[in-house]
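Inspection log for the structure reproduced underneath, given as structure tokens.
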Amino acid sequence: MTGDAVVRLDGAVVLSSGFPLLSGVDLELASGSLSVVTGANGAGKTSLLRLLAGLVALSAGRGSVVGVDLLEGDLRQLRRRVGWLGHEGSFYDDLSVRENLAFAARALGRPTSAIEDVVERVGLTHRIDTTTKQLSAGQRRRLGLSWLLLRRPELWLLDEPYASLDDEGRTFFDGLLGDVVAGGATVVLSAHDPLRSTALHPRTLCIAGGRIVSDVT
Amino acid sequence: MTGDAVVRLDGAVVLSSGFPLLSGVDLELASGSLSVVTGANGAGKTSLLRLLAGLVALSAGRGSVVGVDLLEGDLRQLRRRVGWLGHEGSFYDDLSVRENLAFAARALGRPTSAIEDVVERVGLTHRIDTTTKQLSAGQRRRLGLSWLLLRRPELWLLDEPYASLDDEGRTFFDGLLGDVVAGGATVVLSAHDPLRSTALHPRTLCIAGGRIVSDVT
Amino acid sequence: MMKQLSQRLLGPVTLVLLALTFWLGMWVTPPDKVQGDLVRLVYVHPAIAWVALYVSFGTATIASALYLWKRTRSMVMDRVAHCAMEVSVVFIILTLITGSIWGRPTWGVWWAWDARLTSTAILGVLAVGYLALRRANDDPTLRARRSAVFAILSAINVPIIHFSVLWWKTLHQGATVFTANRTLLIHGIMAWTLLISFVAFTLLFFWLLRARYRLEESRDRARSAALATSLDMRRREGAI
Amino acid sequence: MIRIAWLVALKDLRIEARSRVLLWQVLPFGAMALLLSGLALGPTHAGHSSAGPGLFYLVTLFVALLMINRSQAIERTPGTRASIATLGLDPAGVFLGKTLALAIELWVSGVVLLCGAVLVLHTALHGALLALPSILVTLGAMAAAGTLYGALTSGGEGAATLLPVLTLPAFAPLLISGERSFSAALNHGALWQWWVIVVVALVAYLGVGILLYGVLEES
Amino acid sequence: MIRIAWLVALKDLRIEARSRVLLWQVLPFGAMALLLSGLALGPTHAGHSSAGPGLFYLVTLFVALLMINRSQAIERTPGTRASIATLGLDPAGVFLGKTLALAIELWVSGVVLLCGAVLVLHTALHGALLALPSILVTLGAMAAAGTLYGALTSGGEGAATLLPVLTLPAFAPLLISGERSFSAALNHGALWQWWVIVVVALVAYLGVGILLYGVLEES
């Protein structure tokens, strides 16, 4: 695992209609690291992850993610290199699981032959031709994971990945996390519980009031 | 606690565009009981709760909830007497927390003076005039709880209530559950983890393939 | 026994009457002084319009009303309404086509901004809207209720179409066949041919309706057979 | 019923006031559409003041479609639907409330568009004022019909595009009689036949809505 | 860029084919709108074949607004936006793809509406055929402009109502020149001036879109 910083934030502030979602975050994340962001409801976890994904703009302070400057860099380049799994991990609701993944694969120039394999891994094989709209909450989450597996981004940003996954899904996810980190990618996830897997030793960032208030490795 | 059945299902089947979400559920729930519905992703937990809330129609089999027949009864009467907390516990997105609760209170003929109290209990006082759209995931969930607290329904149907609540929120919720059951209301909730509180002794219904496959008290 | 016989005979009788209308209309009846051979359209257009407006749209409306009325509520009514409305779309389109064909030589245009024509076209859009509404709703009882209400609201258009010629006094033929006090205005073989054409097209409607209904029934049977297997598959999902 | 109607109407109007969709989006759209229809018909037709009532109603119709759609969109998010359904509101009250809110919005835009017609389409001011009561009743009937048909499509697929298909034919008689009575007002002609039609339509839609709205709502 | 354009266009058309909104909803709406505009103008005006092109374009415009709205709605759900954004698709490709899909849908409805105009508005068949190429180009330009403005409003509040306000002014020149060239075709008049305008508009909107779509997308 290399030690250079994938994420570097310096007094980062994010505003949304005048309200500071983040009120000055200083953060440095090493490449190949695993970090868990915790904090009370409304502390700013989702906002931090969205900033790192290039989905919201920086209002004050400075920062760079995967080498792209958040103020001056090309946010599209950034977004292309991160993977995002949100609260509502939905895609095109009217397309089936297979069609959604085929769209992503073609868009990224990946072979579509990998799709069945990926769907198998997240356990959606029996729903591969079901319209996304009709999936259950956990199945949507699994589709989100398979989308990420297909993309294999450098930086994984996962917002409450455990929510609405069943037990078997969580075990699978733990295994996946280990693989991803071992493969050299960086992972940041938000969670309300400590990680289940004892094999992983994440860095824990605790957020409160839009700032990082504790940082334990 | 009285022993008469609040919920009675007999071979209940629910179809959605030809697919059986529930494939024959037999169930009887006593008044004042607490039940936890578990099962793998896509097993049919959400579908079962929606059926009990009168939000989807019964396609085959028979059933009654709080004394209202699911086939011939007035589903509006039923809905008025149950409380629902869904995956997306959203209300009117453009109204503030206070306005949403005031709407519910007025609609049910409750005094609006209870609102501040209820908001205080779920810990949203500092966001009472924030537009619902801008709340964080956990705050929306709390708003959903306060909506239920205001309504005090006979039958509480909670779909994954713990998801995206923080630690303090979960503790509060456990306390709430105890109160509600002690107050004589019936609670059915779906969850992927066992309940945290050891003081509660729920009945656990395990669903798989749209049917109840195990039932442990 | 009688029922079976009439069921069996419906198709052949319809065909015979249609053929008879065609033969009488084309060769036996005389051409008109003013309209010439064009008058022969009178054995097609009014009968089709009659079926479109009253027989088929009427059937759909009555079936819808019967569905909404609690004591006669059944999925059979819903299905009849649906099938009748589909056939109605066909007949409304035929009305528009035969009317246009007739209008071109008599009025010199395919279409005129006449109240009856426009309201007939609107009825067509309503019938298509009814079918679109059915497609958009998935839950059978909700679909039945909503489409029944929509059919009844749409039926208000039918009397408007009928009286439009009186209210607006425009291009379209007024009451030519019957006057208001139901005396026949045309005579002899022409009247007989006209009568036969009305009977023939009415029977054609019922024939089509029955065929469409049977198709729907067999689809329903296939659906419930498929349901048994999908219930089974769904249950097995849990066993793994 | 009346209490629920007030509550729902207030809620809709408050959301409207907050998002300012009417002021910033619907009214400019109406103004623009009025200008464009004038343009599309070319100076010879549009300048003719006899086209005024027709164009006015045509534009009002499309404005009404936008607003009906918006009035339904408020209720349409999945979470909202489930939570509100469990309030078990009296359907007749909901119908009346949504109709009232929609009617008020339509009246505001109708008056603005009428001013537009007077300015842009050379409609006589005096005639326009005479026609105002009939316009208000027609718009009220449109609001009732729109709410009713909105309930028909709610929850279904592609509700946003299905709604116009269903409502336009229903609006046709309203459009015709509204246009006729407007024209009559401009020419100081007799009005009452057209008044009868719009008043009957308004009462009929209100009656059907109060009786059947509950049947149409999602079960 | 071309690859992405194909991919996006296919995806949009597939969603369209699946939901059949065009067939069941937009086309009946167009037919109805054609009838209603005829009615609103009354028999004397609408019967006049010179009103044909104007009415045709007016109705096409409203149909186009519905379809642009729908084309944007596909991308608008919050989850979709975030996931698709992180694919980092080439914006020029996305723009071209969405324009292409929209143009194909508009062409289909345009041809159907043209048949309607010939039948109902007494537009001369020969003239209508002559005008067809200019109509197709105009609709293409509308598709490009619609996609461009769609990106402007995406993510904002009340996008469904904001869109028409922004696009209508942009459509005004297209509407006028389309109508003129259609009228010219009917009267066997000179066409080329109006051709120049629509072709320039098409090229300009495509160019601006390819260059600036990325800037307009949500940051």
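For the reader, a short list of remarks on this structure follows.
Each chain carries a letter (A, B, C, D and E) given by its place in the written order, and its residues are counted from 1.
Going forward, a residue touches a chain if its C-beta (ideal position, glycine included) is under 8 Å from a C-beta of that chain, and two chains touch if they have at least 3 such contacts.
These numbers were taken from a predicted model, which means no experiment stands behind them.
Shared contact partners of chain A and chain D, listed by label: B, E.
Any chain that touches chain B and also touches chain C is listed here: D. Ranked by C-beta contact pairs, the top interface belongs to chains D-E. On a Cα centroid basis, the chain most remote from chain D in this structure is A. Shared residue numbers account for over half of those found at the interface formed by chain A and chain B, and the copies are therefore classed as meeting with the same residues. Rounded to the nearest 5, the angle that brings the Cα atoms of chain D onto chain E is 180°. Distance between chain centres (mean CA atoms), chain D to chain E: 25 Å.
Here the CA centre of chain B is 46 Å from the CA centre of chain E. Averaged Cα coordinates give chain A a centre that lies 58 Å from the centre of chain C.
Computed centre separation for the pair chain A/chain B is 30 angstrom, with centres defined by C-alpha atoms. For chain C, residues that reach two or more other chains under the stated contact definition are 118, 122, 125, 128-129, 132, 135, 138-139, 141-142, 237. Contacts with at least two other chains are made by residues 87-88 of chain A. Counting partner chains per residue, chain D shows two or more touched chains at residues 19, 157-158, 162, 165, 168-169, 172, 219.
The chain pairs satisfying the stated touch condition come to A-B, A-E, B-C, B-D, C-D, C-E, D-E. Of all residues in chain E, those touching chain C in their complex are 20, 24-25, 28, 31-32, 35, 38-39, 42-43, 46-47, 118-122.
Interface of chain C with chain D (complex): residues 68, 118-119, 122, 125-126, 128-129, 132-133, 135-139, 141-142, 145-146, 149-150, 153-154, 157, 160.
Taken together, the chain A residues at the contact with chain E in this complex read 50, 53-55, 57, 75-77, 79-84, 86-95, 99, 103-104, 106-108, 144, 147, 151, 153.
Within the complex, the chain B residues that touch chain C are 13, 15-20, 23-24, 42-43, 56-57, 207-211, 213. Against chain C, the residues of chain D that register as touching in their complex are 148, 152-153, 155-159, 162, 165-166, 168-170, 172-173, 208, 212, 215-216, 218-219.
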